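All remarks here apply to the structure that follows.
A, B, C and D are the chain letters, set down in written order, and residue numbers restart from 1 in every chain.
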């Protein structure tokens, strides 16, 4: 398979994993930057992620418009992806979702979402909360144009996660594997923190040094990272779609400048 | 298929979705107004929603009595549906259920159920709590006659949801898709609010303006609404029963006066 | 099938339902009084309820001893069943289990378990908590002889449920259907109460009058009761084992002196 | 089958059970001491436990190094197992995992994890919390060398469980069955305690005498212990791999000096 075909297949896997792991339901989406043109990205047409196949992938530009309009319905909120790819050249993959246990942290202002477990380290020391009402007043809460997308991307800044008040979150990472992983462990970290608060006493958050140590070690195709991608894909019923990077195909959308870390 | 057949098939799908999404167990039911006669409605005979097929649909009048009595057992609480259809000509579909995470809000008076997430906007700014004991004293808590149903419908008023103390809820909407969606996201909104309260601090509820903006945009057969119906039907194992509205069949029970919104 | 064969098949169904509904795991058991001899009862040999078939049913006396010893291992805690059948001639079926969400109410003394939802009414106004340590000191917490069983039965008294501190619960009812139903809705009622407490404010418990009204109406083979038995059996993969009471077989272990109530 | 083959098959079962019971996901691992050489142990290669088969088992020494290096990737954290087997000759099996509901007790210092339910008695009266930062400063939180493993083993001491701050836990026991059981009931005990705290009032923990009584009675191949192993194996889809100890094969990794207790 060509590099593009492999990537589209990985995007299908990512869709199915996010559905199986309850990060998305019919809503929520995942995208990846085009391997040959950084000004385009791939995402499914308007379809529940669990039902997405390779034939459902469309190509959009950084304004959120299709490069070939074939009349298929698109996600209303594709501007989240477009604006983040535009603002962040380092970002190769984006997820927007409404995973239930992340929602409380965008609604109540009593507790900030911060990493408390090692697998949550990738959310970073800071998780900004974006409230669409701050700049756009009373809306339907959806990010339906590029201006709203850019405002969200600005709030995200150099972070890997932004919560969206009363709505969900956006995650941004250097590869599909990483953005899926981040999106699966984000609600787990949220639950661990919520329950730790209920136990009372002081909370031990991950230190900046620990977050840095984990970031330094991360590599998308290390055996440790592959292990979870392989596991989740099998659990989601699409293990047969897996393509190992050592099958001889380049994965140009991956930055390989880090050592392995699970 | 005729419009009536299509609608009955949609009613079967609605039953299965509500079971799969844990909104109902053996108890709880969903109904739809008859497309040809606003004084009748369709609902399953006394059967667990997960087991309902087209042959299990019966036709009742607004007094809760079968239009053709074939001796089959009926839901004891069919009067909830009858009374709401009677009081609310705008309502095309009704659900009554006991979804677990809605129950606390009918039992404790410390926190009002209000929308905190965008998918919960359709519950409206106000969710009244009906206590059968207020007018009927010590009962078995079931709505087993039309007077009780009418008292509940009165409490519901122009809202889309009423909680029933120590029992469950009733939801009313303009289409089957909408009432199912409302019933699935109601417990999710309840959980988000419960957990936000536990995190402490101020809660940001959806504003009236946001609720209005979302209601203005809702359309039952928009690509965004269809997406979740298609997803849930497939998840519930009845994707093969789906009939797209653009298959050429009118859906006379749908009001099409709004623009699309997910 | 004979009445005894039907009852044994119902006991198999009861085992499978309790496993599927997460009331038991490998531990926990359900028994039914023998239809022909009130001094004997039927229960599985030492086996996880989910794996129980008709060939695994054994017959014990009210001392907890097998009427025919064929060398098969028996549940260590069969004395819970023996002692309750001995003390309560009105009881036809017993469950002992460790359903997770009932446990906190036997551990913390801050909140009494009481009915807050209509399906929880059958636990009664009072749920005593039995602590094996009160009379037997430091034990392994298991009820492994008839004296311990009798002490538990004494604590249960005329109630339908007793919690067992740090261990689980025992439920007693007039039929298999009723004891299964009681055991499935007990943890649901527990969760509703726990969450209502977290919302704050006053809790509206079911009144004695409401509990009485519901008890008056209960009948094990009403369409409403059958509906949930049929649903749960199908969900547990043993719908094919169902025998309707109107198939012509008497169910002598059922008291039919009440009107129907779901 | 030889004793070693049987043990490797049991190790496969243990992997699958831990995955099915949500104790591990792609991360987390289980090991067993070699039946013929106490200075070696068996564990899977770097692979998600749910996907482990007999061909994936490797043999490591107490320094965490493979006895035959065939180039396969190994778990980065195998040093947890090596160090515990080294420090504790009585220990025959080890699990390391991140089961979600154990995490809060390693993060918040307000509540100590202690046994409150009978199936949680095996965690012992004391559950130490190991913080890798205490001795190693800012790390990626993983136990990636033998010094870190030894520090954890020292914290574990003579206990059966140590929590690892912001990461997970390590459990150590006298057999595979026991360590799996301990690891499955550990999060259940954690949830029961968390919820009991929310109910308020005094908490009744298991007494030292009760813990001792339960430990005295435990035997890995009693009917009661076998019952849960058989149940979990079937639930995890590998009931066909079960080998009863009475099939004529010795299980030299089991200490048989205790009476049976479930």
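FYI, contacts are C-beta pairs under 8 Å (C-beta built on N, C-alpha and C of every residue); 3 or more make two chains touch, one makes a residue touch a chain.
What you see is a predicted model; the values in this text were computed from it and never measured.
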Fewest hops from chain A to chain C - one hop per pair of touching chains: 2
Chain A and chain D: spacing of chain centres that average the CA atoms, whole Å: 33
Euclidean distance of C-alpha centroids - chain B vs chain D, Å: 46
Set of chain B residues in contact with two or more other chains: 197-198
All touching chain pairs, where touch follows the definition stated at the start: A-B, A-D, B-C, C-D
Sites on chain B touched by chain C in the complex: 25-27, 46-48, 50-51, 73, 76, 98, 100-101, 103-105, 107-111, 131, 133, 137-142, 165-167, 194, 197-198
Partner chain A, residues of chain B touching it in the complex: 116-119, 121, 188, 191-193, 195-204, 206-207, 209-210, 212-214, 216-217, 223-224, 227-228, 230-232, 234-235, 261-262
